[in-house]
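Quick heads-up: structures coming right below.
Shared between the two complexes below is chain A, which has chain B as its partner in the first and chain C in the second.
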Partner chain A sequence: MQSAFDRRRINGPEESSPPVFATEALEIPSGNAQKTRKGRNTSDIRPIFLQPGLISQANGSAYIETERIKIACSVYGPRQSKNTVYSEKGRLNVELKFAPFSCERRRAPLRDAEDRSIAVAIQQALLSSVRLEMFPKSTIDVFLVVIEADGIEGCIASGSIAASTALADAGIDMFGLVMSCSAAVVGTEIWIDPTQEESNLADGSLVLACMPALGSVTSVWQSGRMTPSQVLTCIEACESKCTDIHSVVAQSLLDSARAATTTNA
Partner chain B sequence: MASDIVLPGQPIPLPRGPVPQLGRGIYEKDSQVRASLVGIPRFEGSSLAISRIRPQPPSPNSIVLGFVTRLSPLQALLSITVVDGVPLPPGEEFTGVIRSQDVRATEKDKVKISDCFRGGDVVRGIVISLGDARSYFVSTARNDLGVIAATSEAGVTMEPVSWQEMRCPKTGKVEKRKCAKPEGIP
Partner chain C sequence: MFEFTSFRHPPDNYSIKNAPDDVDMDEDDDDFLETGGLKLTCPGESLTSAQAYMRGHGTYVDKEEVIASVCGLVERVNKLITVRAVRTRYNPEVGDLVVGRITEEMESRWNSRQDAVLMLSSVNLPGGVQRRKLESDELQMRTFFEEGDLLVAEVQAFFGDGTMSLHTRSLSYGKLRNGQLVTVPPILVRRLKSHFISLPCEVDLILGLNGYIWVSKHVKENEREGEEGFDAEAVYSNRNDHIDDSTRTAISRVTNLITILAAHSIPLTDTVLLEAYEWSLEQEGDVKDLLQEDLGDALVATILAKGA
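Right, the complex of A and B next:
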């Protein structure tokens, strides 16, 4: 316990929980009764707001917001790799941090274990899209901060999109833009882009990352119980959604590139 | 067609005929030419490229500026701050090394590093190889390469008097450096 403890921070109590108000109706998830999706069609994703170039200190950055998921991403480098052996290819370093207030329960800094596994999932999604052979001996650092989280699958998907946009904004050579989408199996239905509540109801979930411009898949991340046919349906549904997301990302990148050329001229 | 901004992965429409030479920011996969950067593809001479001015890591044949951080009898260590005219962001310098055999083109075996560089000197060099895990190999074996700015022991910026000497304008003392030939001198 003592090792993962930062004395420079104001450390809160070990355990804390939000207050429960008497007027608030306690929601009890009741078995099969809640198995129809509220507010959205099963094949709809949450609306995406994406803004490249928000963090001025970074070489490239992007901010993404899909309803309750808010992620800021910054890209630094390519810079010289420290303390590593000679390598012909560059290294892609992805780090993700949850803000302490990002989830329903407080995320303790340093003691959190989930951020590393999400960072690995995002790194896998991006790795085959970056032309690392262009950056010998160098490291590209991608830092993500989750300001608000709503479902792990959504975090991985939105984080990958934000990171790929930030890499494009930084002028890092890529084979294509990486888009990502999640899906969950709830009962017999497949719900695209599940929220935290919805993925709690789900039997299994899947996150697909692909490059729609090249028609290639960069990573598939699946957890829980799913039949092979459900997996294939999920992948197909996610792939078509990724094409939709690609147009959103393309529009925002084009807008920021046009804005940059007009201010320079 | 040529004035449109393309995105990474987007195919670049090309006129029929032989594929032009591909420059930066463009790649070919499955005989389809695609962009790998955001920008406008333009012809630079014979090659098609998306040029984007941003700090890049040094590559062989890039001209670098840096200052001398450390000297030893065999080599001088350089902190590279400018690559091909583009300054690197602060704190993201690359380290280069000038080995004694790379200081000048002739009489390589007679080179004494202490007679060529001093700590803090600003040096223009050319990257000759990616070097080892720690540093890039830099050479100053050309007339236009070498020390371009140095301060004397009195703390004054010196002026070059020959390719091997610099003079302090305050004290008139001559110090040894491997000087770069100033631009605009025949």
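Right, the complex of A and C next:
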């Protein structure tokens, strides 16, 4: 395990936790008392800010912000695969990294196991949308950096949206844009797009990724305890939200494409 | 519930047929194909029926419908529908000529814009045609190239991670002096036989494939590399030579012409530039008048008429 240290960083102590302030301590929910959502309706998602093409050195990039989730995504490629074995289809490589300061507890770079599982979830969400048969022998690299995190489900959802936008920004052929939305079962209610705090209260959660333009689902990721009927309700709720998000994302891509064509023209 | 803000706002006077308010997926109007106006699209958006049209690049067919697979501009040639991705980024290839600016100085290498590196081992060292690099060379790297310096170089190779490596091993490459830089979209610079162009008006041009164009004072034949008049000391010099007024006018005239041609998305070649220059001399206007819209339109009309 010693080798998993990045020696160029200032490595903090093994165990550290953020200071707890007196005002915060009072707000900690006691048991099951708090089961009504604060701040927004159960069917509302957090406002989205999305900007394609922020990283000039990448082939395509996007930055997404949904309240306390901030993710930057860059796409490199398609470029020649490193291994020389011939492959008919291209490879989609997704890597996600948490900034050390992104969560309440410090994320130890290299020793974090969670980033890989989220990267796999995002890769699953994107995989069927990219026309990999167009890129034989090549690799498309997608790199995500989580600058601030607020709930794993939200990270997967926002990460998938950012990655899909960045792929579109890179001009990579896709069947459709992938949108993603999460939902959690809290008591008898279903809360869309839960924050970290809210998913701690939840019995189970679900992340849906779909291509609203084609009406097809690319991945469903469910954890915790949910009844089949709850799962179906969640999927339906998420799908309708994805359609809404799709219009926002498509709009932002068209805006950036228009800006690019006007500067060109 | 949704809010969406954008850093850069597109200009208001820009109107697009089929404005993107209706990102509705099942919209079914084909009239954009008739008007020839700009139409932008996103992956997954259905463009038209596959029975009437053929699919081209950037599209695919599903359930009898032509659907876009990239984000960009829809183009139609007769019955062929293509979507061209808005890609303004330069994709390097080995052997390409590029013009760049040094952004960073590192141990035994210089970095320039868009991830290119120029290794100390791939520049011509002063005094001696080919010699081994010494530690002293590494220490005085700033005397060769400094941050902010413009240079012309050739793409030498790619590293494993896709960044490009440049070289200035030929004496025609190196630091740029005596001129002005113009930037155009990289797509407008085609691959030519030679990217060093001399116009008869005492102006030299270097067309970098990354869209950077260097317009400078003409170098006389006998002062070229290898001739007796060649000044080896001047290769890494930071001083401009004396440039007389007529050359200055010619340089700004060529610069303005390039700006106009680029604004009208006309690919730049030596013949096009020559024609444009001759045309602009006929107009008897001041150099700055060229940038007026009506003159620019007239220029583009003449060029296109000659090209056809």
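Assume the second predicted complex is superposed on the first by the 256 of 265 C-alpha atoms of A that agree within 3 Å, B and C clash if a C-alpha of one lies under 4 Å from a C-alpha of the other, contacts with A are read in each partner's own complex, and residues count from 1 in each chain.
To be clear about the criterion, contacts are C-beta pairs under 8 Å (C-beta built on N, C-alpha and C of every residue); 3 or more make two chains touch, one makes a residue touch a chain.
Predicted model only: the values in this text are computed from it and were never measured.
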Report task. Using the overlay on chain A, decide if chain B and chain C clash or can fit next to each other. Result -> clash
Query raised in the report: Which holds for A:Phe135: it touches chain B only (first), chain C only (second), both, or neither?
Result: first
Report task. Scan A:Gly176 for contacts with chain B and chain C and give back first, second, both or neither. Result -> both
Query raised in the report: Which chain makes contact with more of the residues of chain A, chain B or else chain C?
Result: C
Query raised in the report: Touch check for A:Ala213: first (chain B), second (chain C), both, or neither?
Result: both
Report task. Return first, second, both or neither, reflecting whether A:Leu253 touches chain B, chain C, both chains, or no partner chain. Result -> both
Query raised in the report: Once the shared chain is lined up, is A:Val85 touching chain B (first), chain C (second), both, or neither of them?
Result: first
**Report entry** chain B versus chain C as contact partner of A:Gln51, first or second or both or neither
**Finding:** second
Query raised in the report: Regarding the shared-chain residue A:Phe101, is it in contact with chain B (first), chain C (second), both, or neither?
Result: neither
Query raised in the report: Can you tell which stretch of chain C collides with chain B among 7-15, 61-69 or 277-285?
Result: 61-69
Report summary line: Overlap of chain B and chain C contacts on chain A, residues 59, 76-77, 79, 129, 131, 168-169, 171, 173-177, 211, 213-214, 250, 253-254, 257-258, 261
**Report entry** Complex contact set, residues of chain C against chain A
**Finding:** 1-8, 10-11, 14, 16, 20, 23, 25, 38, 40-46, 58, 60, 62, 67, 69-73, 85-89, 114-115, 160, 162, 185, 187, 263-265
Report summary line: Listed in rising order, the residues of chain A that touch chain B in the complex are 59, 76-80, 84-86, 129, 131, 135-138, 168-171, 173-177, 211, 213-214, 250, 253-254, 257-258, 261
Report summary line: chain A residues touching chain C in their complex are 44-45, 47-51, 56-57, 59, 76-77, 79, 82, 129, 131, 168-169, 171-177, 211-214, 244-248, 250-255, 257-265
**Report entry** Touching residues on chain B, where the partner in the complex is chain A
**Finding:** 5, 7-10, 25, 27, 29, 34, 36-39, 52, 54-57, 59, 89, 92-95, 130, 132-133
